[in-house]
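Multiple structures follow.
Shared between the two complexes below is chain A, which has chain B as its partner in the first and chain C in the second.
For the complex of A and B:
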């Protein structure tokens, strides 16, 4: 029964995540940028733009320039989460790839970083008057949701171990459209339910900043407006 | 220079340093109100004259329309995570402490409404995500706080996603215009520029008289016939310059500088009475159509006069429109000489001449000045120069150092791409907003005071007509002389010795006893 419920939940959550994000990205891609608005100084070649975007996505360059505390906590959280998520690939691959094997031990430490980062962001959101002013309930809840996901995940490693082989069996089953048994540990079920919730709200929340940054005209445009004419289709019609 | 003791009660305040974060003062600037446009000025620009009955419906629809027409608007409304990185980056927040002047809070005035009508969470859980209905109070709040943004884009430098509050504030003004809630300053000026050809409403006859007077001044000063031609067909270069260059101080001295440089270069050039304005306030109100209409005048003037090149004078947002948008709005310029940048900045022209060694400077003529340079936001963050990344920072400084011995930069975090706005950009250069303008200038004034304390800096140069006007009004309130703000080409003009010019010993300004020092 639990297994069936979670199977349905994960099929639905995956569908909403993939379709939702794809639809949003399609909307971003379809909306033209009528004018060249890169934040200057901007790269003058496409290669340069790739490098700028790489720096933004991989080291959070602008955030680093802006505020070292937010950068530190944000970076710990995102980097920790990346390693943790990669580590979870072992639940959906039959054979474990060599690099996946390699990062397994680091995944544990990464979870510490993730939680430290999230806690730092949460404390700042509460303590720093300016950030408290701009925060909505959802901004706190999002951090709390992520902390809860990390905490239950760590709980299964440190407090109440679960039969992870069975968990793997369950997820490999989902990939083959089979419903295999799922251990009924409360910690696991809460963890899985919260992750599904995160997947569902991803496309309709500020989490879209992840895909969004690649569409940000101030970061992805080339500084070549004098050399190459840029015109949006709707603006072209004004010329007819 | 007057004593820098302005922290008296009620007066404008220097900050401990230019980045001092103020305590939050809710509602500090909520009573500020920019004058509303006269109905005629709205209708001149194709907007409803007064607030329409179904304004709410139209405004909401306009949000959707802009989201489809402008990727930046759509992506920026969705992407903000409220991280807070931008909260201490706006000069108006630093100067006023009003939290709605924090970039993210300013964006949220509109984002909250977008969420209410265009997102799942906002439709069904408005309280949870801070979504709200578009009420009359919200509209009034938009009008107030979107006219407290100078669209300087400093926040966009520091946002991890590059969210540009200027894009949101332009869109907000576009939406307000669409429902008949236009601002007097911008709309009146755009209407004038579209009718007469410049923001001042200076007709061709008056313009000709002004330029002839200036030619006489130049002849008196140099003993040479240095011309400022108007509407001369067949000239090589069309100069498009802000109309403030024709009458305001220190702008006019900049114009004399361009004339001297062109004279020395031996090129033929002309001003156009039809397109006698570089400024394009269409950008400030986020109206592509109005921006395009104004830009097309420049194209038309270039065609009518048969010029080969277009050169822009010292104007910040005009250079953004020229450099980044002109090719889009009024191109392609295939009828111009493709060997030169289209358009070119006067700074590029002068810099080129200096590189070639064709300008003869007597730098000592500027020795009574200890100078710094204010990067204007639209040049720094909205445009380029010199054909390479960051040229907009180097060229003006190199030109200044070529004609001044005493040059000192302000704190690096207040210059280049991190420059602080003068406090008067983006359509706020109007008297009823003086309180905001003075407060918004405080980070820049504080950075200036620091170099005054450290290096004895007496003057600041800029290449933006709005900056120059703003500073000449605001600097006296911070204890500087009104003429402490200078045009870059004003300094060029005073050091430039023209070929054949007779030098009288007593024309050189007297030094003020400050030891000459060459900065690196």
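For the complex of A and C:
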């Protein structure tokens, strides 16, 4: 019964996540960018833009330049979560890749970094008055949701282990369109339900900053306004 | 166009499912001896803590007479290789490795401990010691205290 429920939940959540993010990205791509507004100093070649975007995504360059300690907590959280998510790939591949086996122990330490980062960001929202003033319920929700996901996940590692062979059987089954039994450990079910919730609200939340960064005119434009006139297609029509 | 893309994706997904169909589970080797009274799921989820607990009992409090020792695990759960001898942890068929490989968890027990039943161990000091070990030790201690 729980297995069927969770199977349906995960199929629906995956569909909403994939379709939702794709629709949002389509909207971002079609949004007009009538002006040349890269944040200066900006790269003057396309290669330079790729390099800038790479730095932005991999080391959060602009955040580092604007606020060191928000960068620290943000980076701890994002990097920790990356390793933790990679570690979870063991549940969806039957044969384990060599690097996946290699990062398993690091994933456990990464979970500490992830929680430390999230706690730091939550404290920031509550303690810094200026930030508290502009914080909306959804800002808190995201942090608390991610903390709860990390806490239940760590709970299964450190406090109350679950039968992960069965968990893997369940998820490999989902990929092959079969519903296999799922252990009914409360910690696991809460963890999975929260992750599904995260997947469902992802496309309609601030978490879209991930895919969104690639569509930011201030980050993805070349500083070539002297060499090449920047003109929107609709404006071009008016000139002809 | 949109429908075409979605249909292709769905078809691709379905075909992936059928290609991959078949068991997603492991063949967990059968053990000899009595089944665990606590049930298999209990052991699957708690064996690491039980073994670690026993290690602390043995190492810190000197208790060697414990319920679950690694040596008895590998005796009941021995898997025979093609040469009709129990395989060591180097083989993929070793009882522990079947699930540990599946879930990408490294076992470090057997860096020190024996992974086959005592009789087959190559260098099992615990079991291959001479019968008069205790006398030798006592004689040694006596010498020290003189």
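Keep this in mind: the second predicted complex is superposed on the first by the 239 of 240 C-alpha atoms of A that agree within 3 Å, B and C clash if a C-alpha of one lies under 4 Å from a C-alpha of the other, contacts with A are read in each partner's own complex, and residues count from 1 in each chain.
Going forward, a contact is a pair of C-beta atoms (placed from the backbone, for glycine too) under 8 Å apart; a residue touches a chain by one contact, two chains touch by 3 or more.
Just so you know, these numbers come straight off a predicted model, no measurement behind them.
S.K.: Mind working out whether A:1 is in touch with chain B, chain C, both or neither, as first, second, both or neither?
M.R.: After superposing on A, A:1 lies clear of both chain B and chain C.
S.K.: After lining up the shared chain so the two structures overlap, which partner does A:43 touch, if you call chain B first and chain C second: first, second, both or neither?
M.R.: After superposition on chain A, A:43 lies in contact with chain B alone.
S.K.: Return first, second, both or neither, reflecting whether A:230 touches chain B, chain C, both chains, or no partner chain.
M.R.: In the superposed model, A:230 contacts chain B only, not chain C.
S.K.: Is A:58 touching the first partner chain B, the second partner chain C, both, or neither of them?
M.R.: neither
S.K.: Looking at the overlay, what does A:90 touch: chain B (first), chain C (second), both, or neither?
M.R.: second
S.K.: Under the stated touch criterion, which partner chain does A:127 make contact with: chain B (first), chain C (second), both, or neither?
M.R.: Neither: A:127 stays clear of chain B and chain C.
S.K.: More chain A residues touched by chain B or by chain C?
M.R.: Chain A has more residues touched by B than by the other partner.
S.K.: Need the overlap of the two footprints on chain A, from chain B and from chain C, as residue ranges.
M.R.: Residues common to the chain A contacts of chain C and of chain B do not exist here, since the sets are disjoint.
S.K.: Quick check on the complex: what are the chain A residues that touch chain B?
M.R.: Those residues of chain A that touch chain B are 24, 27-28, 30-37, 39-44, 48, 56, 60, 62-63, 65-67, 70, 74, 121, 124-125, 128-131, 133-139, 141, 201, 204-206, 208-209, 212-213, 215-219, 223, 225-226, 228-232, 234-235, 238.
S.K.: Please name which positions on chain C make contact with chain A in the complex.
M.R.: Residues in contact with chain A: 14, 16-17, 20-22, 24-26, 41, 44-46, 48-49, 99, 101-106.
S.K.: Residue numbers of chain B touching chain A in their complex, please.
M.R.: Within the complex, chain B touches chain A at residues 21, 23-24, 67-76, 78-89, 99, 102, 104-105, 108, 119-121, 125, 127-130, 153, 156-164, 167, 288-289, 292, 323-325, 327-328, 331-332, 341-343, 380-384, 388-390, 392-393, 417.
S.K.: State the interface residues of chain A toward chain C in the complex, per the touch definition above.
M.R.: For chain A paired with chain C, touching residues are 90, 94, 96, 100-101, 104-105, 161-165, 168-169, 172-173, 175-178, 180, 183.
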